[in-house]
Amino acid sequence: MINKVVDNAEVAVADIPNNATLMLGGFGLCGIPENCISALVAKKTAGLTCISNNAGVDDFGIGLMLQQRQVKKMISSYVGENKEFERQLLSGELEVELTPQGTLAERIRAGGAGIPAFFTPAGYGTEVAEGKETREFDGKMYLMENWLIADFALVKAWKGDTAGNLVFKGTARNFNPMMAAAGKITIAEVEELVPAGELDPNAIHTPGVFVQRIFQGTGYEKRIEQRTVSSN
Amino acid sequence: MALDKNGIAQRIAKELKDGYYVNLGIGIPTLVANYIPEGMDVVLQSENGLLGIGPFPTEENVDADLINAGKQTISMVDGSVLFSSADSFGMIRGGHIDLTILGAMEVSENGDIANWKIPGKMVKGMGGAMDLVASAKNIIVAMRHVDKYGKSKLLPECSLPLTGVNCVKKIVTELGVFEVVPEGGFKVLERAPGVSLEEIKNSTAGKLIVEEEIPEMAF
Amino acid sequence: MINKVVDNAEVAVADIPNNATLMLGGFGLCGIPENCISALVAKKTAGLTCISNNAGVDDFGIGLMLQQRQVKKMISSYVGENKEFERQLLSGELEVELTPQGTLAERIRAGGAGIPAFFTPAGYGTEVAEGKETREFDGKMYLMENWLIADFALVKAWKGDTAGNLVFKGTARNFNPMMAAAGKITIAEVEELVPAGELDPNAIHTPGVFVQRIFQGTGYEKRIEQRTVSSN
Amino acid sequence: MALDKNGIAQRIAKELKDGYYVNLGIGIPTLVANYIPEGMDVVLQSENGLLGIGPFPTEENVDADLINAGKQTISMVDGSVLFSSADSFGMIRGGHIDLTILGAMEVSENGDIANWKIPGKMVKGMGGAMDLVASAKNIIVAMRHVDKYGKSKLLPECSLPLTGVNCVKKIVTELGVFEVVPEGGFKVLERAPGVSLEEIKNSTAGKLIVEEEIPEMAF
């Protein structure tokens, strides 16, 4: 099997240029590529278009890149919980394209699967549909949405092997598998990197063909946004 | 007496049926989970990739990799299953979820809903709400009858940017239960305990349909 | 969790009426719902439209239903290896709609995912594109294809639980997961039925929400079409 | 001497590169797997849902649940991964497979290919061929230069129903290696051992481009 392993995040993101279009996995702070984000913050890559369901919080996740004004545009479904984001958006420093969450997921899935456009009912009759083609199928109205493809996709998995196969854990899966397939170059960071052949071939979520670089990340913080517990 | 938010949730829980798969929005809808009748099999979907939401975890079982769509730490139950966001919204868009319960800023008498944006204020985004309301077979809105300025949220037409059109089937507020009828209008089904029809009329800007004696809701 | 268990194939297919549209999982004879097919053969349900990648062989799989002339129409990508099929097709007893395999898989996936139409490059410039809308995206030509939805989907899994969650094995997965989602009523037969909670929630291929009825099948033959071996 | 089918497969194997993901069609293309250079990492895709095809299994390891697209029993290798047909063709359509090698009945000088249907004869169906040829970044056709009636299969235009248009990049036959050039035509790259240019010309109905001295292929 083809070996996709690189040393670390710094090496993995070294060739991401200014003004690149990135996809970043995660829902809220769950399943985000923490190591790659840190490396991009250190590298100060600027003018980025980031496709990510959320924009992190002020001091974590994509918020760290916003602090340094590395992001030119966000394509997201929900961008609350972030004061600096709000400031940049209102001042016009940051451009935002809001898209329904399911449409975002499907557009990314379409990008990886070679489907340039598809019809969805989400947003019909709302401002999301403005300027888009609408059409009736079986008595219901739909609008046409286009695929999304990124120069680089940065994904975070639980386990991965040297061939790039990935397994996600819990709800940290979210947008990661579709993004892995929709990146021209996909960089996967994993909590545990194992030799090819150790993962159950029947239980792999992302086939290695989609992953160009993989490394074992370090120091995962996995910050929790809403720690909710019940008493025993 | 008008219901509190737990009362609204408790009344909505009566709409659940055995075998339902249900998506609960953030806020009052989340509270519905506390009132699922004993012995009734209802499976809760979290659109970030889980079917089978369990109770909040105990302190020692908190897992940062297991959250709901409100970003709260949660647990799973026997038979839970995890999937990607694309698969999750495929499930939603494909009509596989029996009931969606969500909050709203405004509902119009033809079932339009506005719940994601207030022009001139910070826009947080629609999240999964547009997908949910465009796809669900059955949508119940849980909300206050009037906003904090005393303005009715049951309107002839929504004034805020829409989330979806012709989709809301039922509304439960602190004052009562309302059906959005196909020909347009809010049909009063039940009054909250001690709430008069007069009070409901005074708080409703949209067309109210009162067909017969309106019962008080029972729990 | 909701219990979806029924006793056996006979009970599971009892209400499938004549002239129903069915999806049947499998690629060749690999991963086909053997028990449900046997029950339909016994029940002699007729006038069926069958959506299935293949049409079985003369004496196994969907071929058994063809023998009894239960099938009115096939929607498939490849229908070789079946003499009786050929005879009925040439005599006009059987109608066939051939669709590229990837388009078939995607149309079924779209049916389950609420996407009424999408664009694919497969078949552009060929007779498959005749009568279909074509369109250019990013300099490449595509054609529009519509979703497929079935009255009943019959799928075969390796393991399943009482809540309807399914795990497939090897290449017997093939069309089964998409069909499970695209059936108005989905019937799953499994080799091993376990209580809800026994399957790893992270390694389930088909969530139980798609499955309305599940039963543990019996006497799986799993016939091999091309037994190819290498010496030790 | 013209190549036999193993020779064609062996010559095509020289087109493989380290790190390639490859889809091999049924027939001669399947034989290419036997000639992957030692030490070269090439991963074979089977469109029915496997990446990482291993050798045929030994008798005791035959598994009815593990077959290739030709319905042959196969095995897996370390790093193999299984997936659904939708995911498999997503992989193909999305351009993630580096090279597709397949057979053909006819190829035209602008790269059209016909390989699925002969009108008036039984139609078996296109299987995955239309998806593969419409999506692949690089397509090599492995086929006989002429059909059993002696008619050339390298034509100005295909006479049979098409599988795809403008897609074939290279052709390897028993007589030589040919590139389909963007402006149209079969550019002769190599002659099979002992095969003359004259012989190639006599067997090719489409436009043949001979730019310089054509080397004999080496293995």
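Order as written gives the chain letters A, B, C and D; numbering starts at 1 within each chain.
Keep this in mind: a contact is a pair of C-beta atoms (placed from the backbone, for glycine too) under 8 Å apart; a residue touches a chain by one contact, two chains touch by 3 or more.
If you want to know which protein each chain is, UniProt gives these names: B, D = Succinyl-CoA:3-ketoacid-coenzyme A transferase subunit B.
Quantities reported herein were computed from a predicted structural model and do not represent experimental measurements.
Asker: Between A-D and A-B, which chain pair is linked by the larger number of C-beta contacts?
Answerer: Contact tally favours A-B.
Asker: Taking each chain's centre as the mean position of its Cα atoms, how many Å separate chain A from chain D?
Answerer: About 36 Å, centre to centre.
Asker: For chain B and chain D, what's the span in angstrom between their mean Cα positions?
Answerer: 55
Asker: Measuring from the mean C-alpha position of chain A to the mean C-alpha position of chain B, what distance in angstrom results?
Answerer: 29
Asker: Based only on mean CA positions, could you tell me how far chain A sits from chain C in angstrom?
Answerer: 33
Asker: If I count partner chains per residue in chain B, which residues reach a count of at least 2?
Answerer: Within chain B, the residues that touch at least two other chains are 82-83, 89-90, 92-93, 135.
Asker: At least two other chains touched by the same residue of chain C: list those residues.
Answerer: Correct list: 106, 109, 113-115, 120-121, 169-170, 202.
Asker: Which pairs of chains touch each other?
Answerer: All chain pairs meeting the touch criterion are A-B, A-C, A-D, B-C, C-D.
Asker: Which chain C residues qualify as touching chain D in the complex?
Answerer: Against chain D, the touching part of chain C is residues 27-31, 53, 76-80, 86, 89-90, 96, 98, 100-106, 108-109, 120-128, 158, 169-178, 205, 222-232.
Asker: Which chain C residues qualify as touching chain B in the complex?
Answerer: Residues 1-3, 109, 111-115, 161-163, 165, 181-182, 195-197, 201-202, 204, 207-210 of chain C touch chain B in their complex.
Asker: Would you pull the chain D residues touching chain A in the complex into a rising list?
Answerer: 18-19, 21, 41, 43, 45, 51-52, 76-83, 87, 89-97, 135
Asker: Can you list the residues on chain A that touch chain C in the complex?
Answerer: Per the touch definition, chain A meets chain C at residues 106, 110, 113-121, 135, 137-138, 140, 142, 146, 167-170, 200, 202-203.
Asker: Can you name the residues of chain B that touch chain A in the complex?
Answerer: The touching residues are 46-50, 55-59, 62-74, 82-86, 88-90, 92-93, 112, 122-131, 134-135, 161-166.
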